[in-house]
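Please see the structure below; I have some questions.
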């Protein structure tokens, strides 16, 4: 089928290639003309037959809002917009309502797969009306991995991004699990070769996983991760997961601990630990260290 | 090769079968005569040619200590004892020293695989002297999964059980990760079918793993886990992991949160939350609820 | 000075009394006519000389919004509205802007003191323009405790509620600290009399505090808190504190753990621990317990 | 009454002064002759009338063990040893048994008060037989604060150190509570003067405490704690509290989070966050930073 694709960065570019490999016609637009198939959103829309499907793959927030605002005026009744970016699920209902005023359908798609998606396929978690989702089946089939898994129609509008968000929350805690175990193994004398321990775990254990395979890859490249700084960014989904949990009074101790570990990793010096040092000095005369600055 | 096997419960019995399927001669002893091949440890030892290898697969603590005490007197210089049970790594050095006084070698083996090990093979993490480990290679090869993974000589005596203990600590936090995500997804209205979301994650996602496959199995058997009580035991390794972390000043927030969640799951009513309720009532006149008892 | 007071519940009623004891003229309005001094907001406003000060002490959210909407039309240029309720700090700027369109000033006041405030005074954390805050000094002086502490002009509009919110976040973790310690002491055999241990801590220790005094009161009323259920509500500020921390990438492990402990205390059975039980059964054949329902 | 005092460091020296101020006869011994009243433990014991009381105030572990070993041979039937150091409660029963073989009584005393104890008195948590504790009442009365609080006979041998250990665990989480709140307040723009917010909390609030007073002192000395490094040691009791909780299956999320925050504060770079960075790079191509070394 035909599909418009807005945003041809690392993710969008690879998705265009995977869609074309499956025989679909992709008309891609990007603000960077070197990546784009057309010069403008208008051109893209004009090259698509109605009812059109336009997949938006741009950064969450202002950029996505801007594209959707434009599509409201460019698309027509019966067309469908798919937001495949990392939008917060709370934006989905707003976008759906805005588009609905113009008779345009909305589907949200959480996409997992990163740099491996082009080869292995992208896992897709989709939210929206059943008929809108069904119409897009050929596109989803082309993007998803071969085999029985990797696609779900999770529920109403917002359910796709919500599911993807929870996926990322789980990812945070799984990564933290391996990271904590690795640090402890590296710390003790009796274990000679932590890398080989990790490698051995890839079969027969309860904790075998794709993330474990990646950990082994990383350790093969840098045996004790000496080249890296212990610094981790977060891209929003972890924060939103904790916020959704708070809204729903669900305790998420492991996922939240993982998020906080990332926050702390980005601090040169911990303000709260300055206060701990100050209090210990006040009541017990315990020594303090001078600020590193 | 020949091997003595002490303890023929769920794990030991399956391991005997897997060893025999690989062509090894196993002389098994168990206090339950229905499972045993011989009537006594003495008989077992007599049926083995020297140098003997005896694999101990009984509960950690007193039971393992009792068997090792007996083997000190029954075995001879050059024989080897393998502790494949869930012993705490701190016991290994003690056992090794005790046996060394009699010229008997000691190897510790952390074993993962549970009820799936007979079919898929057992992951083995082994500690001890290189020559003792090398001599046992045929046994390890028979027990481990086919393929390149599932066995590691992790380091000195104790390194096997230490690695297995950390494996279980990681396991705690990974399980907690999926559990937290599942509860949050079940709680929100927009996601219709959490079971299908989990199923879809089995390919193309960052969080695909064997534990995820098991979660899907569990949800297929009981769609919303309504038949189960939210109650989880712990078998020691999680506690030991946290204790080892404290000894080594390594922060383990996610693994520890997972352990504490299990502790809390076993309380009918939380004493500490009684104190919270009492304090809220004292300063703010907030309502309290009567004890359930 | 004269002041209008909207909302005469447990907090507002006591504040009226404390203000009158200090010689101020309070015109109180409440939707419950038995508590009110006047029949309507209109009456209240008419009885006050200009420039008027109106203290709003009603539940956060819709109720506060409703009163402020009405005051926009009833008050005049140069009058001042003080929101002393538990509003989220993010509402303050909205309220300030809305009132500013009518030339009405806005001050936010976080109020601590609970049922003890009438006697001991209320701690006040205030946000707003310096001149608006200064004009209200007589009112703040009457409400606050005697002595040098208990009042702060914390900063801009919103700073009062933000400071009070953080106060409550700290309160959560302090309560949790005592609660955890109490549970552990109650659990061990060697300590005979936990209540007397707590009582003794009221002097000479690092952990003496007003909350500790309240804990002793509570234990004197119910020696082992046997009459209470371990169930704790939360009134919003704890959640907002964690959300503010996430917005600012500040790790709050102890405060968040305290919030999650409250969430868990309200669950009859823990969904996430059902998943843990299910997974343990899947990989290890570990026994599960039937749901309590 | 007469008392021998072994160990005249910061704590012991001040305790000698407070005991003498109360009219007691203290014979103090220290390995540093400049502090000592006598030249040897033998001299100290000889100067005391029977039945003797000897208070041991030396570092926990080997030093305390060494003194107790010597006292076993120097003291006689009916004499009493008090361990007032920071011994782990599990050592108390061992010491009591060792001394009992010589007919010597044992009492353990957890002591709080730090550098403030000389002036304000030391809070004492005591474990042991009632008659042994009663005989020492004059000493305890001299050391404790004036007024009704600050002393408790908590239970059997070990109960004193156990109660003091839990006191310190609570202290960790209370300090963490203030520290987290302080960091969050410092981070936001709307709050101008965090120091004045803390100062104001000293009356009328739920969170007023001695630790809060100390926090204000610290902020008065260094308004934003800019001179300090965010680095905090731990002296053992926090670790033991978590270990005791694990032994008793009591969840301690806030206290443990506080302990882990200290561990993390002492790491130049976090090994576990290196693994997080490595994994993010592996699956998503996310940028990493080079090690600081």
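General observations
Which chain is which? They are A, B, C and D, in the order written, and residues in each are numbered from 1.
Methods note: a contact is a pair of C-beta atoms (placed from the backbone, for glycine too) under 8 Å apart; a residue touches a chain by one contact, two chains touch by 3 or more.
Model, not experiment: these values are computed from the prediction.
Steps from chain B to chain D, minimised over paths through touching chains, total 1. With respect to chain D, maximal separation of chain centres occurs for A (centres as means of Cα atoms). Taking each chain's centre as the average of its CA atoms, chain A and chain C sit 37 Å apart. Centre-to-centre separation between chain C and chain D, using Cα means, comes to 33 Å. Measuring from the averaged C-alpha position of chain A to that of chain D gives a distance of 47 Å.
Residue positions of chain A touching 2 or more other chains, listed in rising order: 114, 176, 178, 180, 183, 187, 206, 211, 250-253, 257, 260-261, 264, 272, 283.
If you check the complex, the residues on chain C that touch chain A are 206, 239, 242-243, 246, 249-253, 256-257, 259-261, 263-264, 266, 272, 283.
Here chain C touches chain B in the complex through residues 10, 114-116, 175-176, 178-180, 182-183, 186-187, 211, 214-215, 217-219, 222, 225-233, 253, 257, 261-262, 264-265, 267, 269-286, 288-293, going by the rule given at the top.
Of all residues in chain D, only 89, 112-114, 117, 120-125, 127, 144-145, 147-159, 162-163, 166-174, 176-178, 180-181, 183-185, 187-193, 196-197, 199-212, 241, 244-245, 248, 250-255, 257-258, 260-261 touch chain C in the complex they form.
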